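What follows is subunit A paired twice: with subunit B in the first complex and subunit C in the second.
Our next item is the complex of A and B:
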């Protein structure tokens, strides 16, 4: 049986127009590799989290899947049918099946529209929902499923009268009204207060469990989603560098980048400081991808091999099946990190690595100890 | 009545009053000056009197009656030419901004072309070739005044195009027509209204200029034509100021009123245009006490001082 969503070797390159100076100097056109060979899949009732820093290509991946940009290469399949590069008309039936929730609940709702017209708009666009009363009933149902109760009081309001969390719920309701099988949520909680994040994420989780919707959740906040996701995929510079079940990815990251992401998460207990891994520098310019492993200039463990060989995503030692990483020097499973009592999200920070095969302590230029 | 809140500004309220008065006069001109326009009622250049408050012109016609009737031509030309300009400008601007790519390039080059055409000589030539008629004047003014509108709507469209709700509508499979009519045009309206009011002002001015040059519609009365008649029939040397001063003042008043309203709507739609938001008079830049800047360890001087800087500026409200 095919996956609900299957992305294979997705590539999105942007050509940077050459300036006159470039032409005079005969420099070749620069290519920004926003997405550089991403493969992932989402099944029904599954919540997959795509995690990465700004500029790692998460949103570009989502936009390629949604057909908002045309990928340079690769396939996107829904239930086994390839949909990438389809024209607007051919894409319409697929658009009905995959909906999106955008990052900014302040910008993604037209300030001039009422909640009712925002939620009913997908029905109008796809000429579904029958009469005005039926459409209204569906909108009310979607709003209530999104946790806005009583829905009737929200219908005549405009986005500016709602709080951030309520707006994001309206956006989710507008995504739900067509009963999509796939929901792509691009940073749905990053603009929300911490106090309402859990509510929105819990709602997404319920949709997976109850309605069998597949969700691709895009975020930069590893700790928050780890609790809700069935699988994690960590992106760096347009590629997936590590993927697997949240538990093992977070408790025993194989890729140094994942560990660095994890250690950036604040710990609620100030005594448990763990070892902080602070990466030097920024994400490199995707227009000038480093040779070898793209992470090597920032990696504390990089050696000569990393500078020349580009590792492929594959199984790692002593990790369960399905936990893959793209690293030549995967981190060992650290004994002290096993902390089963901890909630998966946020708490299982990488503790000081000790014992044989432990992570070497910071190397100059790479990591900094607290 | 929140839409009419802008009337609370005195300048805008006065401007709106002027326009409303002009509109009323234009509507009721036949009643106010029944049968008096176009008819000789007294001596050539007869002075103001109780019967003819603004005197008589070169043909012995009542100036006040002509003024009232002229308001119709002025408003029709202003509104119709502005409508032509708004339609063309919006179509070009929205299409260019929304489609982007080569469509944008081609349309903007065409706009640039129209932008550099010297308007008045072009209007004169066209009016002379097509023959003087109100339709032609409206068309030629409209065809030469849409460039500003096109540039403004294009810029705004390009910015709106990337807004979340438009991206969302695209992702939903919304047709382009639906996106433009439902999500784009409503957000362009304030900008378009503001610019349309400014276009009305330039259109009225252009009509007056054409009429003064003798290229106006000879069958209709307009303020520009009144000045032209007064000028060509030497009202100036006859000392008949009442033949040209009132129409001139009327043109000025209506043009200024339209500009004030256009500017006001634009400022309300986009508060960043308000330059008097922080009047420079109220902010004074003051150098911190000199001398103590170099030695960082000091700090013995009295008065406020920002360490590490020789002369820091402090903003204070007076």
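Our next item is the complex of A and C:
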């Protein structure tokens, strides 16, 4: 059976126009490789999290899938049929089936509109929903599915009268009103208070569990989504560098970048200090992708091979099927302990450095990597 | 033991509201900051943590009325208003404002913005000021040549570092950091944490972190004050708050905080904080509290000692371990 969403070898390159200085120096035009060969799929009832730092290309991937930008190459299939031509015009008939939830519910909702008109607008755009009464009924249904109950009390309200969590639910309802089979959520909780994040993520999870919807969730916050996702895909500099079920990826990350992302997650227990491996620097300029493995300049384990050979995404030793990584020197499994609740999975550190004011750690979590 | 640099007692802040319904945003907050302290003010948006700090620094302006006591080195500064605070601001007490991505002026170089806040007596020639700005950038882990760059040429993490460099210009003893990692990537968040941690050690700086991120609080701070609806509901060492929260709100906040590899799902706290433009009867948290009883709707619990160095404001604290 075909996947709900199947992306194959998606590439989005931007040519940076040459400046006068570039022409004088006869420098070739620079190409920014925002997305550089991404393949992924999402099934109905599945929540896939695409994780990475700013500049890793995760939002560009989503925009390419939705046709908001025209990718340079690649295929996007919905239920097995390829979207021909890729690009804004070709996308129009497909848009109903793919909806997006944006990061900022404070900026993405028109402050002058009522909740009713925000949620009904997609129906008008797509000339659906029949009469005003039928549209209203669909809006009420979407709001209730988004957890705003009773929906009637929300219809006449405006965004400023709602809390951040409620606003994001309105944005989700506006996405749901067209009954899309695919929802792409770009950082749907990062602007929200921690106290309401679980509610919004739980809602997305329920939508998947209903069976009809698949969700691609884009985030930089691995810890928050790990619990809700069926699969994780970690992106770095335009490519997926590791993918698999959250459990195995977090218990036994194969790519050093995944491990570094995990150890950037800050543990609320002060006794867990000193186990961080902090990556230096920022994601490199995608216009100047390093040779070999793109991560090698920041990788603590890189050797000469990594500087010359660009690893492909594939199965890794001693990981279950479906857990793939693109690394020449994948991390071993056995020495990365995933400790239960008390210690974070990613405590594998370079050394048990004594953090300032650190209390000697009584928990068994912090196994040390070589 | 050295005395506190900053003593805040019974701080109240009211904002003018429409129709004379003033909003009582901060309702009697007290805390001390001693040299080298690492204190966190924790809570959801709207709980009054930022307002508390802005009131302490005298930055709220005319729309707010502030009462209580704020002492710097034992010297009362609150009744004098903004003017009384001015000699200490950017000097002894300094702040990294929320929203690093927008806190810098986009049309001026980073160096000129840092040079602007250098103390007047140290501000010499433009060239010397820029050199000092470069040294400050180096202290926060940036190359000195960045003085000539504009904010848009810097990544989010670098802009936050530049804001921290600016806050260090007056050689403060207390650095307030308002949500210094919000809107930054996790990797950059960890870098900023390392930086604040190192600066606090190297410069003997006291840090007052304002955050809703209990991961950051746990990793940086030794002591925390959990705020709800303008009041402290629990305070104490961060280890104790994590291992045995005594106020249900503290417990629920920790349950809403992700822990990588944990088996438990995240929880959200239902409902929302109460409106502060009407007088509150009873405990402000009771509408969202999982375990209430009659007296919770009658009297507001006071902050009382529950363990060494721990205080909580809950009627049921004695019974819920």
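Going forward, the second predicted complex is superposed on the first by the 324 of 370 C-alpha atoms of A that agree within 3 Å, B and C clash if a C-alpha of one lies under 4 Å from a C-alpha of the other, contacts with A are read in each partner's own complex, and residues count from 1 in each chain.
By our rule, contacts are C-beta pairs under 8 Å (C-beta built on N, C-alpha and C of every residue); 3 or more make two chains touch, one makes a residue touch a chain.
Bear in mind that the values here come from a model prediction, so they are computed numbers and not experimental data.
In the superposition on chain A, contact of A:121 is made with subunit B only, not with subunit C.
Using the contact criterion defined above for the overlaid structures, shared-chain residue A:250 touches subunit C, although it does not reach subunit B.
By the touch criterion defined above, A:223 reaches subunit C but does not reach subunit B. Contacts of A:5 after superposition on the shared chain: neither subunit B nor subunit C is touched. In the superposition on chain A, contact of A:68 is made with subunit B only, not with subunit C.
Look at A:237: by the touch rule set out above, it reaches neither subunit B nor subunit C. Of the two partner chains, subunit B is the only one that A:112 touches; subunit C does not reach it. Applying the stated contact rule after C-alpha superposition, one finds that A:151 touches neither subunit B nor subunit C. Touched residues of subunit A, counted separately for subunit B and subunit C, are more numerous for C. The residues of subunit B lying in touch with subunit A in their complex are 163-165, 167-175, 178, 182-183, 186-187. Taken together, the subunit C residues at the contact with subunit A in this complex read 38, 44-45, 155-158, 183, 185-191, 193-194, 197, 200-201, 212-219, 221-222, 238-239, 242-243, 252-254, 256-270, 272.
Looking at the complex, you find that subunit A touches subunit C at residues 53-54, 163-165, 190, 193-202, 220-224, 226-227, 250-251, 260-273, 276, 278-280, 282, 338-341, 343-346, 355-357, 359. Those residues of subunit A that touch subunit B in the shared complex are 66-68, 88, 91-92, 95-96, 99-100, 102-104, 106-110, 112-113, 121-122, 125-126, 171, 174.
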